[in-house]
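These notes concern the structure reproduced below.
Note that the chains take the letters A, B, C, D and E in the order they are written out, and that residue 1 is the start of every chain.
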Amino acid sequence: MRITQRVRKMLDWYESDNPGTKANLARILMEGKLGGSGKVVILPVDQGFEHGPARSYAPNPPAYDPHYHFQLAIDAGLNAFAAPLGMIEAGAASYAGAIPTILKVNSSNSLAASKDQAVTGSVSDALRLGCAAIGFTIYPGSECAFDQMEEIRELAEEAKSVGLAVVVWSYPRGPNLDRAGETAIDICAYAAHMAALLGAHIIKVKPPTAHLSLEAAKRVYEAQKIDISTLAKRVEHIMQCSFSGKRIVVFSGGEAKDLEGLYDEVRGLRDGGANGSIIGRNTFQRPKEEALAMLAKIIEIYQGKA
Amino acid sequence: MRITQRVRKMLDWYESDNPGTKANLARILMEGKLGGSGKVVILPVDQGFEHGPARSYAPNPPAYDPHYHFQLAIDAGLNAFAAPLGMIEAGAASYAGAIPTILKVNSSNSLAASKDQAVTGSVSDALRLGCAAIGFTIYPGSECAFDQMEEIRELAEEAKSVGLAVVVWSYPRGPNLDRAGETAIDICAYAAHMAALLGAHIIKVKPPTAHLSLEAAKRVYEAQKIDISTLAKRVEHIMQCSFSGKRIVVFSGGEAKDLEGLYDEVRGLRDGGANGSIIGRNTFQRPKEEALAMLAKIIEIYQGKA
Amino acid sequence: MRITQRVRKMLDWYESDNPGTKANLARILMEGKLGGSGKVVILPVDQGFEHGPARSYAPNPPAYDPHYHFQLAIDAGLNAFAAPLGMIEAGAASYAGAIPTILKVNSSNSLAASKDQAVTGSVSDALRLGCAAIGFTIYPGSECAFDQMEEIRELAEEAKSVGLAVVVWSYPRGPNLDRAGETAIDICAYAAHMAALLGAHIIKVKPPTAHLSLEAAKRVYEAQKIDISTLAKRVEHIMQCSFSGKRIVVFSGGEAKDLEGLYDEVRGLRDGGANGSIIGRNTFQRPKEEALAMLAKIIEIYQGKA
Amino acid sequence: MRITQRVRKMLDWYESDNPGTKANLARILMEGKLGGSGKVVILPVDQGFEHGPARSYAPNPPAYDPHYHFQLAIDAGLNAFAAPLGMIEAGAASYAGAIPTILKVNSSNSLAASKDQAVTGSVSDALRLGCAAIGFTIYPGSECAFDQMEEIRELAEEAKSVGLAVVVWSYPRGPNLDRAGETAIDICAYAAHMAALLGAHIIKVKPPTAHLSLEAAKRVYEAQKIDISTLAKRVEHIMQCSFSGKRIVVFSGGEAKDLEGLYDEVRGLRDGGANGSIIGRNTFQRPKEEALAMLAKIIEIYQGKA
Amino acid sequence: MRITQRVRKMLDWYESDNPGTKANLARILMEGKLGGSGKVVILPVDQGFEHGPARSYAPNPPAYDPHYHFQLAIDAGLNAFAAPLGMIEAGAASYAGAIPTILKVNSSNSLAASKDQAVTGSVSDALRLGCAAIGFTIYPGSECAFDQMEEIRELAEEAKSVGLAVVVWSYPRGPNLDRAGETAIDICAYAAHMAALLGAHIIKVKPPTAHLSLEAAKRVYEAQKIDISTLAKRVEHIMQCSFSGKRIVVFSGGEAKDLEGLYDEVRGLRDGGANGSIIGRNTFQRPKEEALAMLAKIIEIYQGKA
């Protein structure tokens, strides 16, 4: 596998990782249409766990089949495909080597009696299934946040020791945060920073709003005149909070919007220096041709062509 | 052991499993009168744990003896026999090799002060007793659901690593579900999907009603015009939610009804593409001859002969 | 050691156990005056833990000395002696090989702030002390019942793997049971059945009353006309609920009563097919000569001579 | 090391222990001025953890230095020195072999938000520091009592397996005990008995009062006319409750009192057959010369000379 | 590496530690401008975790980059740099051997729903990253204090066994302490003492005020006329409470104040015999030149030159 200069430089950020982990990061970064550019688009399919199968796949029934998603990620030229255990197991052999996979090792669901996640996969599972990374969600601010941090600490240590990469979904919520607070710029920046401090290689956060949630933070943002007026500026700030841009940060699709709204948002992410997008529902809930067209467009945006 | 083309194809669904696990799935699928057809009828006897011995066996006293159930499953030409530790221990040597057994490794009971299950068996137990699979119940939606998911994650990883198959009983309940919700079609489909994502090889759910429980799901079922008007259609939907039919799904006996009602239900399951039935009380609470006649009829239905 | 036909047949019930465990069961069954008859009388001395030393031993001060109990069990020709760690440690070497011992590995006490038991011994302890079995109490119906079941599951698996036998004290209690319910026939039968399903070799329950506690069970007992009119009939039912009599079931001394009342109760146990008695307080709280006379009489009852 | 007949006989009480543990018990029993007599005086210094440094050491500032306590115990001719991890670490090499040490492996403190103890040392720590025993506090009757019993069970099993002795501080407290109940004779006797059943080699309890706390116990003490009128009689009863005097039982200093009061108490302990005293605050809070004089006097009392 | 007589003497305090741990303590004590003097200044950067990135780094944006802190500590001639996992990983290879690092293995954050810390690093992490020590925060007095003590016990045992040093941040808080109590002299002294008893090599506490918090302690401080009138006297007392000055104790920066106030405080620490300072925010929130000047001044104070 050829490694571009850009990617080689990014791998240098992870100076404490072993060659195995660097190789897996390289596999993700060199895959697909954006391969080598330092930008990534990843397909995550944990929607069925989180919201149930019909709400996830009924709009586009071929998506009930796990193979559909592997093939979609490949056909669209994406960098990686992330999913829970059962879905990866269902296609890992058919698509062995065809696209880097990320085993999502914890999951929540809409029936849950509490706001937590269950650990549903392991590092051993990731290894036997040929995955490049494990993925893990933390809810900073929630009652289970410390437990989750201790879980990912343990899983990350094990993953790194066997040459896997670690992707952390950092989604703040909990008693100290209202709905607006969950995507406030100070909170998203904090979420990204904690994921970096926890040792994540790739960080996933939501696109931040211009809202400021914590009073103590608000005072600093205003005193230091941190520019959070545009999405690009806010993303820039988040990249800075991720070790001065030396961690890979990708953004989820954000609130429901039309295609143009989505493209505009991706342009904002790109202009702020984001490493890319991780888009689920917006892709697999459309007919495949439409999804491919949309992903092609997003990739062009990251390539600076659109 | 001869493996039919149909079964060989089903084994291919489990593309990430080792030959040991595939062999045990094959043993279950090739056993008994339905052997090789892709259909299965399984005898589960955890009723004594759940409801107590007299409520389970007094209507047919020979059933107090564990050997009775092994013999019944064999005489009826079923695919497998599932029971808790003590019951399997009581007959495993006498019936070694005579019929595939599934060790039910967690159990609840009617005296319990909380709605959970105790882990009462292990993968090591299953191995020393010559079982083909472990069985585990989850209660999605309950306060203990995340714990149960983490328990089955661990047990399933261990089971798969030593060549056992994994059967998950997925029975939703809990604070967000009323009685009708527990068998609502959206909830049963969700339960089957989660079991699949957790890595189950064989999934057991209850026959679904036409009720829709979650508001957010209801909107989708209506918008997407998902046909849930007949049991066959609902079962078809559940099979689709189980990786487009690429996981084995079996259904419990459902609410108490007369024999004709039961046969009609089985016809609905069959017509919807279910892989089979797992029927406890209805079998061992009748005199043996009646039970054998009933099971023969059910098997004929799955064979398309009745 | 000679093994009678009767005992050999009983060992066959435990068809999944290794020769080590069968040998230890045989040691208990072949010991003492009842040796070889299939009947057993066991001396349990966990009273000091449960109620304190003075309440246990002050009526007969020699009993403060652990050696007293070893010697009493031997002199009376009993089958085994059961006690907590410290008491077994205090005599295990002096009486090595002289009588089978059962290490009681959990214990409660009268000062406890909650209705649970602490695990106070291990399988390793049992091995180093030359015990034939471990003993463990479960409280089905209590808040800690699932935890206790998971503890005994783990301990029993380990015990069986090293050739020890497993004795389960099954004492229902908890929020769904009133005082009368704790010894109701449906509850005692259920308690025995659960112990059997948990993999116990020897089950200890309390002598059941004719009371029926669970409404759902009551309906079945009445509909099926289960005869619970005499102690013998009730014991017969409990034996049936213990795998059709293929598990060893012993009964505690029951409520305080005079000697004739005790003998009558034992006759009822015998006539119902019980495997024997496990009698603590009634023995060691009397002067030794009286205790020996009483035990001799009980043994004669089980021999059918009294 | 010479072993007296008296000590040899005491070692025989511990008939299930390995030679390593017996050797460590012998080291404690043969050390110091009381060496060989079967009596012991032990210096415990966990006061700093329990009440803070100034409250413990300000009255005698040299005691802030851990070496002070090692030296004091040696100079006074005591049998052993007990302290938490950091204090033992601070002197273990300087005083290697000079006096048997007991690593106190759990500790509480006056700032604590709950009435429990933290495990602060391990068996491995005790081994690497050359200790003769581990020490552990249980609070029978407290909400954490079962957990503590399970902790000491595990630690004691490990300690015994590597030849260490086990000392249990048994201090009843909790919702069922008022202040007077904590030192009531029935409760102290029960506390000693439970420590013995848990497998302790050396038991520490508080000097008992003539109060009776549990109603059920009171009835027995009165019915059996147990003499609890003098401290000597009460201690005699506690020794009886400790396996008929076949476990080493030592007593703490009891309530604050003047020197004569203390000496009188020690005479009562001696006359009741106690194995000795374990005295902290009373020793290290005095100038060293005074402490040495006091300890010399106490030793003389145990020698029957004062 | 040359070891001064002063440092050699300090290493002797840690008489129970293995040569590996002593070597790592020596590395810290011999590093930088204060190397060999027995005094240390350490840079801790866990502020981003505790308060979020903008509140920590926005005043001096280069500090967003982890390398900035490594370089700052080196340029200022400090003894060590302490930070959480991700930050150490981000620079450990670039600065391998350049400055001793302390892996902070637990962390809290401002979004947290409870007052605890998550374990976010391990001893294995510290080893693979070439750290000299692990750092751990305890909150004596808090609901999680016992758990934290058990965590550090386990981590410290492991760290010592592989030759790492152990630094404990001891910050009292909780239901029995009001705000003033958290820095009261009796509480700070108690906090330092508990850290020493837990086996810490280096203890971090806050500069104490003249307040006395616990009533029982107050009586002793007054009766014993402990001089707590000046910061120097209070620090002297804390050193005494840290094994008579035979443990390394460093102090945090205390309440916000101007530079002269800070220097005065450091003079008080120095005059009381403190081993040094551990100063975070005050350093990295200033432009680098200012920070270097401030640190140079602080070092001069510890050298007795200012």
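Everything that follows uses one rule, which is that a contact is a pair of C-beta atoms (placed from the backbone, for glycine too) under 8 Å apart; a residue touches a chain by one contact, two chains touch by 3 or more.
Remember, it's a predicted structure, so these values are computed and weren't measured experimentally.
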- Note on the structure: Note: chains that touch chain C and chain D both are none
- Message: If I superpose chain D onto chain E using their CA atoms, what angle of rotation comes out, to the nearest 5 degrees?
- Response: 70
- Item | Chain centre separation in whole Å, for chain C relative to chain B (CA means) | 36
- Message: I'd like the Å distance between the centres of chain B and chain E, where a centre is the mean of that chain's Cα atoms.
- Response: 58
- Query: Tell me, which residues of chain D touch at least two other chains?
  - Reply: none
- Query: How is the touch graph of the chains shaped: line, ring, star, complete or other?
  - Reply: ring
- Query: Considering the complex alone, what residue numbers of chain A touch chain E?
  - Reply: 13-17, 140-143, 145-147, 149-150, 153, 157, 161, 172, 174-177, 186-187, 189-190, 193-194, 196-200, 214, 216-217, 220-221, 224, 226, 237, 240-241, 243-244, 246
- Which positions of chain A touch chain B when the two form their complex? 48-49, 51-55, 57-59, 61, 64-66, 84-94, 107, 109-114, 116-122, 124-125, 128-129
